[in-house]
Amino acid sequence: MHDTGLRPVNQKNPIVFLSDFGLSDPYVGIVKGVIYSINPEADVIDLTHEINPQDVRQAAFILKWSQQHFPPGTIFLAVVDPGVGSSRPGIVAVYRQRLFVGPDNGIFGLFTAKKEKKYCSCFCLRQERIFKLCLKHGFRPGSSTTFHARDIFGPAAALLNLGFRPEDLGEPHDNPVSFSFPEAEVTRDGCIRGQILYFDRFGNAVTNISAGMLQKISCPGSSSPCLLVQDRDISCIPFLETYSQASDNQPFFLIDSFELVEIAVNCGSARNTLGLEVGNKVVVRCK
Amino acid sequence: MHDTGLRPVNQKNPIVFLSDFGLSDPYVGIVKGVIYSINPEADVIDLTHEINPQDVRQAAFILKWSQQHFPPGTIFLAVVDPGVGSSRPGIVAVYRQRLFVGPDNGIFGLFTAKKEKKYCSCFCLRQERIFKLCLKHGFRPGSSTTFHARDIFGPAAALLNLGFRPEDLGEPHDNPVSFSFPEAEVTRDGCIRGQILYFDRFGNAVTNISAGMLQKISCPGSSSPCLLVQDRDISCIPFLETYSQASDNQPFFLIDSFELVEIAVNCGSARNTLGLEVGNKVVVRCK
Amino acid sequence: MHDTGLRPVNQKNPIVFLSDFGLSDPYVGIVKGVIYSINPEADVIDLTHEINPQDVRQAAFILKWSQQHFPPGTIFLAVVDPGVGSSRPGIVAVYRQRLFVGPDNGIFGLFTAKKEKKYCSCFCLRQERIFKLCLKHGFRPGSSTTFHARDIFGPAAALLNLGFRPEDLGEPHDNPVSFSFPEAEVTRDGCIRGQILYFDRFGNAVTNISAGMLQKISCPGSSSPCLLVQDRDISCIPFLETYSQASDNQPFFLIDSFELVEIAVNCGSARNTLGLEVGNKVVVRCK
């Protein structure tokens, strides 16, 4: 079970860093300083540091839909950590040839969930091992109870980037924190019922309805799929192929770059125009 | 016409990335993941990702005034793309030894404008060629109608960075979308008439009046140039050499780092203090 | 005095860049373009660019508490520069094996302060020397009076990164601008009196009371240290080891990752919840 099946890690593989630290404090830079102190050859790419403070599920969503676009061997350093300093362990999750380092609080919970378990192996980080390996590389990590990105997770990512294996940093871990987003479903009446998971900067509303599920409903004759938002007094929203097919300020839905159904308003914000929120229930049916 | 005159591209040249994606979503990171997947040696520098959503002209302004500060051979990846998924083509523009990749919607319109045409060659991107070249480098691009930065422009930039030429990625393109900013002019009464093009973070107002044009008006005797903003009840704003010559909260104008006339308020925001907007007409005259 | 004691600078050492430029304008990217033009091998890490406009002391605080986490030989490029274009010189400060380049306006004033002077040597930058060395490397710097990060400090950092020594760029400088933050003190009644220096993104309030000072007060019997904020009608705030020990919305104080006393509210903002401001006086006593 714990044969991670990893190819030897290429040192040129990037470390991809996600957090809720924001960019106005020096925290992100400090973690990079620690990584460069241990591995001066490291390449660190920012995924985003604007996760809503302590919103582990938002981070999990972004990791899930971003990871496939980075090369195999990529090391994701992901720290949204309301439980820092408590007994919650740190983990390395190995999922589909990528490595994920961070707190065991559900941030990798979509990879460790039952459905995905066969693609995922986890290791519990041992701080004393990381400390010793860092010392061998001439670096003495800090030991705060408040900033494990600097003192544990960043150093662990740098060591993995140097070629150490997850098993060098800890022990197999069989019960990591998992969770699933609610799944969309096709109901007996031929509708799809789902909900809004995420808003992007443009106010586009990403739902849990996949492109594959949308293809399953075939609308007869001249009818076409349209989308309703529960408890919102909005007429049924039409489906379009691209943003540019919509007239300005027109609400519509489309398949977005995550291959998910997304509600958008051309040249505007669906979130604001339609008053949407995360968790809003949506129904796609034929019209 | 389509001899681009490019020196062989040095792989160490950076890819400079500008967009309206913001930094709170994973979009910028995902594009970098794709670039690294194709060319693990790529260096990507962020120019800015805070272009106002879909504001192609703001992006064009920033590219125009930034490009000269990057080394010859630099590849600019610039994506502000309200027409994504429509029939608008993607282009590579070669301008003064730099390469510009993005949608053909005017984002490079200040380089392709008539006045600059002799310094500029354009190529229309062919998605199928980019796709094939990526496959040869072990990467399969996505094919969304909503995220061409990930699926077309990012891969094209990575391929150019690997040493492919613009002509490897597409066909010569003679009619790219162009535009010009309104030009300032010296009028018969010896005044300069221009307008505000851009505000920076500090609230400084950048105009279309160049340093060279300002030097053309010579104020007799003890008089000196001053600046009026049309339809604003503000006394004529004096000229100073540097920010530090002004007293706090004093409005003044100076030659900024773009070599353009800029209206500023020391230790404050000209935009807020004077109630300025993009497009405001300004007049410089002797006082 | 001016033997800087620097080991030969390793070109792989990063340039760490801090400013008040923000990320919405192209200024940060332009400075990086200049650095890459001079030294294509440079690695530039952003510390933060969201310093409050012209807030030299905030920048000084962040540099002071961040620098130790970067490897010896790191070059800090720090530009918060309300006096740009005036006669204030530019400097290189060498402090504890790190190099600091920027305006001589107090931004490095915590390193050049009397207490630290034995660890610090300063050099006054000579623009004409930087200009000549850049020309030798095929780059012609700009000469604005408004953007010295682009025209002087960025080029100086790139040259230091290439292996030039501070003495190659200027003359010894014995009177750099210095300042100190007010120091916390233990008073006769056994209390610690300090003040709030900084808020981070989460609204945590960082004070000038060090972990070491807190350890000096020993509370007898069952009493424990608690913290009062002067002129705030708040009951005495308890001490906890970690964020996760607090119940939601509970104010508490702890030792933070800077090894300083910090006031926090679990899952909330101490700044907003308690109405705190920089400069607020605090007292730690036994309760």
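Which chain is which? They are A, B and C, in the order written, and residues in each are numbered from 1.
Assume a residue touches a chain if its C-beta (ideal position, glycine included) is under 8 Å from a C-beta of that chain, and two chains touch if they have at least 3 such contacts.
Just so you know, these numbers come straight off a predicted model, no measurement behind them.
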| item | value |
| --- | --- |
| Copies chain B and chain C touch via same or different residues, half shared test | different |
| Rotation angle (°) superposing Cα atoms of chain A on chain C, nearest 5 | 120 |
| Distance from chain C to chain B - Cα centre to Cα centre, in angstrom | 32 |
| Multi-partner residues of chain B (at least 2 other chains) | 23 |
| Complex interface listing, chain A residues touching chain C | 21-30, 32-34, 36-37, 40-41, 44, 53-54, 82-86, 88, 142, 144-147, 150-151 |
| Touching residues on chain C, where the partner in the complex is chain A | 10, 12-14, 16, 18, 23, 43, 45-50, 62, 65-66, 69-71, 74, 200-202, 241-245, 254-257, 259, 267 |
